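Got a structure here, written out as structure tokens. Questions coming.
Note that the chains take the letters A, B, C, D, E and F in the order they are written out, and that residue 1 is the start of every chain.
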Amino acid sequence: MTAIYPGSFDPMTCGHLDIIKRAAKFSDRLIVAVLNNAAKTPLFTVEERMGMLREAMEAEGLKNAEVDSFSGLLVDYARSRDVYLLIRGLRAVTDFEYEFQLALTNRMLDPGLETLFISTSTEYLFIASSVVREIAQAGGDISKMAPDYVCERLRRKFNEHI
Amino acid sequence: MTAIYPGSFDPMTCGHLDIIKRAAKFSDRLIVAVLNNAAKTPLFTVEERMGMLREAMEAEGLKNAEVDSFSGLLVDYARSRDVYLLIRGLRAVTDFEYEFQLALTNRMLDPGLETLFISTSTEYLFIASSVVREIAQAGGDISKMAPDYVCERLRRKFNEHI
Amino acid sequence: MTAIYPGSFDPMTCGHLDIIKRAAKFSDRLIVAVLNNAAKTPLFTVEERMGMLREAMEAEGLKNAEVDSFSGLLVDYARSRDVYLLIRGLRAVTDFEYEFQLALTNRMLDPGLETLFISTSTEYLFIASSVVREIAQAGGDISKMAPDYVCERLRRKFNEHI
Amino acid sequence: MTAIYPGSFDPMTCGHLDIIKRAAKFSDRLIVAVLNNAAKTPLFTVEERMGMLREAMEAEGLKNAEVDSFSGLLVDYARSRDVYLLIRGLRAVTDFEYEFQLALTNRMLDPGLETLFISTSTEYLFIASSVVREIAQAGGDISKMAPDYVCERLRRKFNEHI
Amino acid sequence: MTAIYPGSFDPMTCGHLDIIKRAAKFSDRLIVAVLNNAAKTPLFTVEERMGMLREAMEAEGLKNAEVDSFSGLLVDYARSRDVYLLIRGLRAVTDFEYEFQLALTNRMLDPGLETLFISTSTEYLFIASSVVREIAQAGGDISKMAPDYVCERLRRKFNEHI
Amino acid sequence: MTAIYPGSFDPMTCGHLDIIKRAAKFSDRLIVAVLNNAAKTPLFTVEERMGMLREAMEAEGLKNAEVDSFSGLLVDYARSRDVYLLIRGLRAVTDFEYEFQLALTNRMLDPGLETLFISTSTEYLFIASSVVREIAQAGGDISKMAPDYVCERLRRKFNEHI
């Protein structure tokens, strides 16, 4: 069974890494797919985001997980990779509604595509990339929210901006 | 009983049409009112949006439904039309909270104004104009989400933009 | 337009009365239908519940509202009365989900049946019959939660039980 | 990948069958496990419930799905079968919270156990066994909510009771 | 500032203890009040529940917290103790709605009574007494969900029952 | 006990004032702290917002409440004031999730910091600054949503803009 775990990962958090490790355990192969969204201005480039994910997977020794990027519709990307399983992490209720809408929309676009939801570990339940970015920018301590190399990159990124 | 069904309809979806047909059945007269919101940049002009709604109503043979537009506060528009019933479609829970707040705010502004909520058909529960626009722009298949003439207009609109 | 407002009304609260008054305003005729649920042991008999509702309607001068009772499926009752509109009051989110399920189930049983939801006034948003019963039984002050004659009946009911 | 889809299935609905078919597609082997809950009085015996599930799977030609039953804790059953993936269907938000609590509790009891959530098809989003039982008992039409043989068994069950 | 933390505590969990410790930190005096609800059959008697709470507070060295019990309405108990602050722990969304209704009902019964909500630690977010009882009865491991002496009492309680 | 009630207050509403009055009753000292968020363009300057808050407190005779402003992370501001209690008002469910995430994030940043949630009065449950601004701009009646001097300032502000 091959599965795709799509997301913005701008940047990846401990919550993302938790989902990747869980999904890699029950999948034969896991593709972590970074969304290249032209409409948004991300903090990190697609290459930087892919680099941090690769670093995380190596550090965790995940042999069956790889990193890729995509633009356009997720259903088109999934078809191009010939993969019909998506993985999404669930945190809170507002999350759930949005994810549910996405999953049902994707199923409408391609009835063969299935979305599997996994719950994040309780200690990462309330960590979002946007919050991590905001705290890092304000100089707050994000060491419990993201892996070390991500924290380091965030620090450098916000120093550049000065 | 005359009722107003207000919205942005940018563009109208199968979900909107479902609500219009249901509301036209139990109302004596239904006014579908397109919001002309100066603060937002819509994809379609008010005239285009009204045109698609009119086309839909004719195709469905809805004789007691008409299309209008308004700007400013909905309560002021309702008073100007001497109508005291509003219709809103409900989909999911996040929807519900927002709609609830709107209804109670409108009731505070005019205690005589009543909002009636109807639930969309299950097959349209997760269709929003924003999602339809996004999928159309990415070249995805929206034929199950919006009427044919809306799909056609979306296709042309996004070709214009190229 | 005739509509049915079904419920247990065991007993009716200020929240119920609020919905009845609102619905009577936009309906030509309103049937308040007391559910005779054999599976539950109500505090008040169907006759007592109907009596309190009638008293409330007279006190409010509602000429186009009447009281009835039913057992079995609501869709069968609605068909027997040749009425295709149901009214339900909405309070909070958990309410909403339950009501949504009911409405979609009833629509599945009879596609011609429509459910209209109205939001209760903010001051009655959190009043439920079960809470009113519980507080009355413990001797608490329910004068802001139910009309006077209902409060009086509750007091007598709990004195009988002693 | 082997997975367990646990539940009461009292009786199975079209919603359950939808989840079984989806899960059987991406699993190597699927165990549909009927909970034998001593604390509750089910309408159908465990054997009857297993029989209906087997009939459904045969009718659908699902070769990699089997039916089993269990009592006690789900984590103990999963360990006894040496399976570490659970499948649960998600419908609405209240569902989600309950399922989330279950998944996190099971993970606390056995950190190696993972729960995958799948969303039901929109047409079955609001179908629950309890609702199907209630409507069948009142003589309502459940033909769109459960497979034919389940409808037939429900009819007979409620005739027995008379 | 004196505050009351009311509940059933049947039995107390790590989640309850977490709230007690947090509340004792910002209150001058904290009264943990065990509800003696005649309508329900608890697993532990009020005395047993109070005993476990006392044991927990001593083990934690909480000098400004005491244990009491009450029956009837919480507002009457609060008045009898001349305390006007209630503490409640919040976990998930369904919790929140119920707690909100309780708080607004209590405020209606006594406008001088204020309810303060605190969020439980993430690791205890999904632990409820009912779940702990159920797992203990089935012989599962509850050592991360309740203090040692509570686990021990639960073990003995379910052995008695055999 | 000293507590901080942080917010944007752009502008303060009757809902904010309700929370301030409640919190001032059970706190020894209350600091209402206006967030100076460089990333957003507020309608009123920090000084204007502080001025309206001070006017409100004087009008209400709140002697133990003061107004301050802060920028950067709330946890840093709280530490700089040596205060470890935050007050937040809760309205609806979507609110709750956002507030919960904030509270757990702040607790992660500083485990000694506690957030107390209070529910707003039912009549102010659905009033948000953004809604008040929008209605005022459209010339609607906001007299039940904000104190007089706030209404007056809003009127002048939107006249300036013309």
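Following the convention adopted for this analysis, contacts are C-beta pairs under 8 Å (C-beta built on N, C-alpha and C of every residue); 3 or more make two chains touch, one makes a residue touch a chain.
Remember, it's a predicted structure, so these values are computed and weren't measured experimentally.
Peer 1: Give me the C-alpha superposition rotation for subunit B onto subunit D, in degrees, nearest 5.
Peer 2: The C-alpha superposition of subunit B onto subunit D needs 180 degrees.
Peer 1: Based on the averaged CA atom positions, which chain is farthest from subunit C?
Peer 2: With centres defined by C-alpha atoms, farthest from subunit C sits A.
Peer 1: If you average the Cα atoms per chain, which one ends up farthest from subunit B?
Peer 2: Computed centres place E farthest from subunit B.
Peer 1: CA centre of subunit A versus CA centre of subunit D: separation in Å?
Peer 2: Chain centres of subunit A and subunit D, defined by C-alpha means, are spaced 31 Å apart.
Peer 1: How far is the middle of subunit A from the middle of subunit E, if each middle is the mean of its Cα atoms, in Å?
Peer 2: Computed from C-alpha means, the inter-chain centre distance equals 38 Å.
Peer 1: Averaging over Cα atoms per chain, report the distance between subunit A and subunit C in Å.
Peer 2: The separation of the two C-alpha centroids amounts to 48 Å.
Peer 1: Can you pull out the residues of subunit F that are in contact with at least two other chains?
Peer 2: Expected reply: 92-94, 97, 100, 104, 122, 125-126.
Peer 1: Per the touch rule above, enumerate the chain pairs that touch, sorted by label.
Peer 2: A-B, A-D, A-E, A-F, B-C, B-D, B-F, C-D, C-E, C-F, D-E, E-F
Peer 1: Would you tell me which residues of subunit B are touching subunit C in their complex?
Peer 2: Against subunit C, subunit B makes touches at 1, 22, 25-28, 84-85, 90, 93, 96-97, 100, 103-104, 107, 114-119, 121-122.
Peer 1: Can you name the residues of subunit F that touch subunit C in the complex?
Peer 2: Residues of subunit F touching subunit C: 92-93, 122-123, 125-126.
Peer 1: Considering the complex alone, what residue numbers of subunit C touch subunit D?
Peer 2: 72-73, 75-76, 93-94, 97-98, 100-101, 104-105, 108-109
Peer 1: Under the touch definition given earlier, write down the residues of subunit A that touch subunit F in their complex.
Peer 2: 92-94, 125-128, 131, 135, 138-141, 144-145
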